[in-house]
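Below are two complexes that have chain A in common, paired first with chain B and then with chain C.
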Partner chain A sequence: MRIRSPLVPAVTIAVGFVVLLGYFFPSLLVQNLRALLIDWGVSLAGVAALVGILNLVVVHWHKANDKENRSLYSLLLLAAFLITFGVGLWLSPADPGFQHVIIAIQVPVETSLMAVLAITLAYASLRLLQRRKGTMGTVFVVSALFFLLFLSGFLPVVRQIPLVGGVADFLHRLPVAGARGILLGIAAGSLMTGLRIFLGADRPYNG
Partner chain B sequence: MISLDLIISLVLILTGALATLYFSLPKHARAGGLRAIRALQNLRRAIGLSVEEGKRLHVSLGNSSILGPNNASALVGLSALEQAARISLVGDRPPVATSGDGTLAILSQDTLQAAYRTNHATAQYDPDRGRLAGVTPFSYTAGVIPILSGEQISANLLVGYYGPEIALICEAAERQGAFVLAGSESLPAQAALYATAQEPLIGEELFAIPAYLQASPVHQASLKAQDVLRWVLILLLIAGAALKLVESVFGAPLL
Partner chain C sequence: MQQDFLWTLIGFLLTLLVFSYLLGDHFLFRLVASLFVGVAAGYAAVLLIYQVILPRLIYPFGEGGALAILRAIVPLVLGLLMLTKLFPRFSRLGNLSMGYLVGVGAAVLIGGAVIGTLSGQLRASAAGFDLHRAALAGRSPVGALVEAVIFLFGTISALLYFQFSVRSKNNPQAARPPLLEAIASIGKVFIAVTLGAIFAGVFAAALAALIDRLDFITEFIFMLVF
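Now for the complex of A and B:
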């Protein structure tokens, strides 16, 4: 296996160190350096978005020109892209007519996908007990149904009954506590992922 | 004056770094293996089967921005992509990576190129294999679904930031009879994945993927350090609750 160059990780670690240092120390020099590096990052991300769009066009161009398995959807995408890009340049993206046409196409398409998603999730919930046989599957289905009903606001009277109201308040907080537990685990994992990149063990880049 | 938040952050970062270094030492690295996560054991088998069958692995990196706070799972996905590319070197079809952000698309191409370059297989690198599928959550979903049906995908590794729309990708993959292992740091996505994915990863389990796929000493040490960090967080929570209790009894804040 070929050894990877140490230069790129060295730059990554140095930049990471300055940004991290700026988080803990309010020194003006460190803060300015941190702000400069973050600004560069934001500018590069903007350029990367353009490169990404170019990549999308190139991939679909190749698919549309594939003689064995030509994709009509790719042709449609390229045509829609060229029309949108051309009209956007001609009228400017801020033009109300241009925005109206884009929204009139995008919103119904995304709403339709949302409707398909609702049906997909409802069907998946019905099949859940079949898919996940065991305690956790049952607990998931029962708690999902229970909290769907409980948090829907159909049972406001329950919270006004003495003693039962306290239990209801506890149950109301229970999903939040569970979510926080999961989020704390994710925070620990995110921190360790950042540290691995900072220590040069993970290198999500070439070089 | 440094605030309590910064002190806690510093303690957690130092604990994580020191625990990683401690578990990386040869005598501690050998002690105790990784805890068993069935989904990740099945992933190794699915990647192997995919190579044997001459089919392709799909790695989805989600649609978060690399500059945003939700990029950790995508970074895990990139790490997994590199290892998946190495495993697939002997196969007929290289893996395909999709993302919903330009930066992630470039990083996925870079990661694939690095994997081929370090294994002397630069000729196998195809930039079209790391692609932007769409820039909004639903356009990303719409861009990924045709890939699942049209590019002979037999295993899917979905690791990134998603919304509940990830359920549509899981259902599409299942219709193709493909293996799906999925994890996200987003709570709505985790709920949707539990209902639709063949092998969902809940909570911090997704951060164990690099350790299971790469099994390098640093990745294993990092996973053990993550467990230590979790205990530190639990102790901090208990200490916080105890302080709050004492505060309510004595009627004055202690910190």
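Now for the complex of A and C:
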């Protein structure tokens, strides 16, 4: 049986406890300590994100160097990364030329991906209507069509009609009920996940 | 002028390459996806170095006083330990940094969930029953009350839909009690309405992007031809 060091769970629980205390106790000492711990956490999150990017590079480096199945895509990804990284380090991200090049590549690709999403979503909703003809599928599609009509500027016109306007307003607000239930569910789930970490039941840091 | 044309041409080609996905997931789309991920990762790495790592972990040692150095030394050590996660043989050394990050993250998660979501949403649900405010807004108090009751029921039923745990004692099929099942099935309708509205919002945004790209393509072709 492998015995794990209690140091890491102890640090996790202690740090989390102090940060959590800061939410509920307005003492200056606790607030300052909490701000310092979160500040360190932000710095560490930056390093963690960099580690994630470096890991992506390492994975693609191995794929590009695989003698049996060399990946051209990985090679292109590495080239794009190294050029952007090198030029960015040299010029700094605030340089207008660097910004211009990044925007010239990122904006068309991001907008086009979003545009492709429109077609994919329309196709997927049509398939949903064809394959899942149940109540929920119908409610979903009717709701989607209804709100698309609203988003197209239909609501202000309908609002003018005496009785229909009130009903349309109510239907426009109706998704709030479900959204509130979903948000409360997410919050309850987050609370449980956080408490499990504090109690040491979940230890996602042991790798 | 020539440089502007070059970048517009690159934007045009990238747009066409992404649109080629509509013909299937193939070589051209994967090329542009790899290019995009590479550029985005490189840009993110540069931003992290210039905006987080240098000012928070490195500059205090050169420019800051003793207090700034003391404040920077702990995250620097933890950051160096975090870097060991890149090397499988030494990755266990990074557990302490991960533990710290998870502790802060869990506390912020709990605080955000309790103060931001639970308290905020419960208060918003209760606010619907404020008939005085409804009257001031020019709404009928009875209508506002009916709406608040429907919304509260929708919220509770949607929340109950996510309750999947059941008592196993004397319940071999592990089914929810009939009343709970009935309320949860109504909650499912509220969730479907909400997801439909979200879908419509995302679709409208995506449609705007599609119109923008089609406009860009036609304008560029017109610019080339005329």
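Note that in this section the second predicted complex is superposed on the first by the 196 of 207 C-alpha atoms of A that agree within 3 Å, B and C clash if a C-alpha of one lies under 4 Å from a C-alpha of the other, contacts with A are read in each partner's own complex, and residues count from 1 in each chain.
What we mean here is this: contacts are C-beta pairs under 8 Å (C-beta built on N, C-alpha and C of every residue); 3 or more make two chains touch, one makes a residue touch a chain.
These numbers were taken from a predicted model, which means no experiment stands behind them.
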item: First (chain B), second (chain C), both or neither touched by A:108; value: second
item: Chain B versus chain C as contact partner of A:62, first or second or both or neither; value: first
item: Touched chain A residues, chain B compared with chain C; value: C
item: Which superposed partner A:14 touches (first chain B, second chain C, both, neither); value: second
item: First, second, both or neither for A:142, with chain B first and chain C second; value: second
item: Touching partner for A:28 - first (chain B), second (chain C), both, neither; value: neither
item: Touching partner for A:199 - first (chain B), second (chain C), both, neither; value: first
item: Partner chain(s) touched by A:41 [first = chain B, second = chain C, both, neither]; value: both
item: Partner chain(s) touched by A:179 [first = chain B, second = chain C, both, neither]; value: both
item: Contacts on chain A seen with chain B and repeated with chain C across the two complexes; value: 20, 23, 41-42, 44-45, 48-51, 53, 55-56, 58, 73, 109-110, 113-114, 116-117, 121, 125, 140, 179, 181-188, 190-191, 193-195, 197, 204-207
item: Chain A residues within the chain C interface of the complex; value: 7-9, 11-20, 23, 36-51, 53-58, 73-74, 76-85, 88-89, 92-94, 100-102, 104-119, 121-122, 125, 135-136, 139-148, 150-152, 166, 170, 173-188, 190-191, 193-195, 197-198, 204-207
item: Chain A-touching residues of chain C, taken from the complex the two chains share; value: 7, 10-12, 14-15, 18-19, 21-22, 30-53, 56-57, 71-72, 74-75, 78-79, 82-83, 85-86, 91-92, 94-118, 121-122, 124-125, 143, 147, 150-159, 161-162, 187-207, 209-210, 212-214, 216
item: Contact set on chain A toward chain B in their complex; value: 1-4, 20, 23-24, 41-42, 44-45, 48-53, 55-56, 58-59, 62, 69, 71, 73, 109-110, 113-114, 116-117, 120-121, 124-125, 128, 132, 140, 179, 181-197, 199, 201-207
item: Sites on chain B touched by chain A in the complex; value: 2, 6, 9-10, 12-13, 16-17, 20, 65-67, 72, 75-76, 78-79, 82, 101-103, 105-107, 109-111, 113-114, 117-120, 127-128, 130-136, 138, 141-143, 146, 150, 164-165, 167-168, 171, 185, 187, 190, 192, 194-196, 202-204, 206-207, 210, 216, 218-219, 222-223, 225-226, 229-230, 233, 237
